[in-house]
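Presented below is the structure to which this report refers.
For reference, chains read A, B and C in written order, and residue numbers begin at 1 within each chain.
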Amino acid sequence: MSFFFEVLIGGLLSGVMYSLVALGFVLIYKASGVFNFAQGAMVFFAALTFVGFLEMGVWFWFAFALTLGAMVVLGLATERIVLRPLVNQPQISLFMATIGLTFVLEGLAQLLWGSQPHGLDIGIQDEPLGWISDATGMNISKFDLAAAGIAAALVTSLALFFSRTRIGRALRAVADDHQAALAVGIPLQQIWGIVWTVAGFVALVAGMLWGARNGVQFALTFLALKALPVLILGGFESIPGAIVGGLIIGASEKLAEVYLGPYVGGGIEGWFPYVLALLFLLVRPEGLFGEKHIDRV
Amino acid sequence: MTATTRRAGDVILKLDNISLSFGGVKALTDISFDVREHEVRAIIGPNGAGKSSMLNVINGVYHPQAGTITFRGEVRRDMNPHRAAASGIARTFQNIALFRGMSVLDNIMTGRNLKMKAHFLEQAIWFGRARREELEHRAKVEEIIDFLEIQHIRKTPVGRLPYGLQKRVELARALAAEPSMLLLDEPMAGMNVEEKQDMCRFVLDVNEQYGTTIVLIEHDMGVVMDISDRVVVLDYGKKIGDGTPDEVRSNKTVIDAYLGVAH
Amino acid sequence: MLYREAGQFKASYAEDQQIFAIRQDRIAVGALLVFAFVVVPLVANQYWLSAILTPLLIFALAAIGLNILTGYAGQLSLGTAAFMAVGAFAAYNFVLRVPGIPILVAFVLAGICAALVGILFGLPSLRIKGFYLAVATLAAQFFVVWALTKFGWFSNNSSSGVISAQKIEILGYTVDTPAGKYLFTLTIVAVLALAAKNLVRSSTGRAWMAVRDMDVAASVIGIRLMQTKLSAFAISSAYCGVAGALYAFAYLGTVEPEGFNLDMSFRVLFMVIIGGVGSILGSFLGAAFIVLLPIFLNTAAPLIEHGLGLQMPPGFMSNLELIVFGALIVFFLAVEPHGLARLWQIGKEKLRLWPFPH
């Protein structure tokens, strides 16, 4: 039984990190209606840039600030070069454009920093917490716990940002109705700039955590893809949805791997979340927190 | 010609105690009325009264929570769009619902899809029945194109047409199915006087030449009173009047609703 | 004044409905076919035939498949490569396990297998749209590759799922030269492209486009959404399946499931976007563009290096390729959503007016 809980908790903790990536998607989707497929590439880009600076001998926090700056520039450029010319195009075109953006970011990141994998040490070890092992016999990684803590803090502060600040409220207005927001004088472009910046920040944090855990390498972009089933479960517009969805995906894929995997030859983590999300969609197409709606004609 | 001289046959569509709601919004409450064969039946009412919802119930886009629909003697809880189309009900929409990526011709040809029987393998080799059908239906479609006077825009992508012509193409698409009942949701909205006159003429011609039963939503009272045989009045999802244009015009509740008297 | 339709009157609807309604177009297409079938095999060298033209045609076929689904029926898919993989492995297994099966029969069956898998993963499209569906097709991508790798039966128990496609034999004649494989591919692709063109200009194709453009209106006309979407998934996947089989049998010879990865799916998607969403011609143009661009870049690189006296870092070209592809996608979506096919058409219109532009 304690093994079950160990797997479950490990899964939940890594699920938090999926949530973190999913959060970036949700932010951009809410504010601009764009499903930003490039969020994963942004995570990769941020992680690689950060490591790149570190390896050049730049001080940790300074590297952090520089990378964040790069992400802001990137976000603003994306808004300018990719989104603005495509405004009023069908959503699906915007989505495909962000696939293009994904390729640009992946190429650019590797062009600037090289293609070889890097290790990243952010000062927290990936080892079991002694006192938990002693008390319960379960191995819970110190790193996972810390990462989950950081993610939780980030999510909370974002939630506060959206509900308490003026900009946050403007953002929500934009999300609810672009036209109306424009009509009452909310500067849409400025808002989008801010959102992409915040999404860049989230990508950086996610990239650092994932990078520290699995190494900074191209495979990060695939990890980020796992955020997609999370979104399907949680709905594209819901921050709580992203969090709960992440937890469900994280926990279920680990449990499935451990308990189902052996029967089918293992390695099912790669597709299980997608199939789970797919089955879920068949039952509840509007997602966990979405509302059912009937197309108006 | 006046409305009264037109023949009206038996009741072919009967709606009984239809109620429809979306979440908390009651779009239709306990509505009953009928439509006779060959007549022009108008549905009027202020914005949000539930007129479009009514049409959507008739051809199965919305499914009412209560009530029954009787079409040509068959009693049903609700319709589904395919069955409605197959039994000869066609439709235009309040907000133009053309296939924007296709030409006028293709849009109208699509209206005849249900009549095309060739298998996709036959179509893939463009042989036999597939080829024959394509030509036969093209000829039919050309008749409709002539009828609605849109020959000159045949090959134009519908997205490039002005609003009034788009509405006409939508009517053409509906007519292509050779329907026995045509549901028109505000076919003249947003048109200038001349375009409205054309549209009225088309609607009446269809009704007379083909005997098509017409259910029409329209805000322009002049038009409604002119061309319809009977009128249903909805307000806040309830039926508040039903009868000939003259009866409806003198109905106290209807007058109040239109003049905005408090409920 | 060579390219002019003046004086060509259409006397019947049959003439008006031809694929190439203008005489000059018919002549040009005829010439192109003669060139592709006769001249190319005679003059092209081995490298061009087996490393460029054959894969180009195969990818064009896959792009037609994806275009049917995405361009015509409006259902975005990111799982193209998975359906190609199904086709490749199915064809391999039919030839392996059914003694004496003619290769074309095996290909047809492979297409049918891919169609079935396509229908399975298309089922969610009945309830979800747009990028929700795109994510669902990722399930196909990852699941299929995993299953082909994990279950040894599919690859006759070779390690990590690698298969070596059998020889192509037609009526006792073995097709093993580059020119032979090219002609084999060309024939299949030409026939299937024509079939696709016929489909999209008949009621099946109109139903797809209707569902793509306005599904409620389509259903009100009597088009069954489920049947239409699933038929698009089935036929699209069948095309991809045959493309996959050709990829294994006529192009690489040896393939593994991992070769049919997400990257390949994206590549085909890019062909569709750049070539022209909703255009059969565009599928060819897009495939040509995406296949030729890296070759062009790689040929140009040493020249530039030499010319400027620079040394490019390793991986430079492949990363540059990513950037160029990505940027082109954004460019085409923003500037010419109908891709190269539309540019081609505009060019023709210009030519039609030339030399008197009014």
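By definition in this document, a residue touches a chain if its C-beta (ideal position, glycine included) is under 8 Å from a C-beta of that chain, and two chains touch if they have at least 3 such contacts.
Being a predicted model, the structure only gives us computed values, none of them experimental.
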Graph distance between subunit A and subunit B, where chains that touch are linked: 1
Most distant chain from subunit A by Cα centroid: B
Chain closest to the assembly centre - both centres taken as Cα means: C
Distance between the centres, which are taken as Cα means, of subunit B and subunit A, whole angstrom: 48
Computed distance of Cα centres, subunit C from subunit B, in Å: 41
Subunit A and subunit C: spacing of chain centres that average the CA atoms, whole Å: 33
Residue list for subunit B, restricted to those that touch at least two other chains: 61, 93, 97
Shared-contact residues (touching 2 or more other chains) in subunit A: 297
Residues within subunit C bordering two or more other chains: 216
Subunit A residues touching subunit C - in the complex, by the definition given at the top: 35, 37, 81-82, 85-86, 89, 91-93, 95-97, 99-108, 110-111, 114-115, 225, 228-229, 231-232, 264-268, 270-271, 274-275, 277-278, 281-282, 285, 295, 297
Touching residues on subunit B, where the partner in the complex is subunit A: 22, 52, 56, 61-62, 93-95, 97
Subunit C-touching residues of subunit B, taken from the complex the two chains share: 59, 61, 81-82, 84-86, 90-91, 93, 97-102, 106, 109-114, 116, 118, 120, 123-126, 130-131, 133-135, 138-139, 142, 173, 177
For the subunit A and subunit B complex, residues of the former touching the latter: 294, 297
Complex contacts: residues of subunit C adjacent to subunit A: 74, 76, 123-124, 127-128, 130-132, 134-136, 138-139, 142-143, 146, 149-151, 216, 266, 269, 273, 313, 315-316, 319-323, 325-330, 333-335, 337
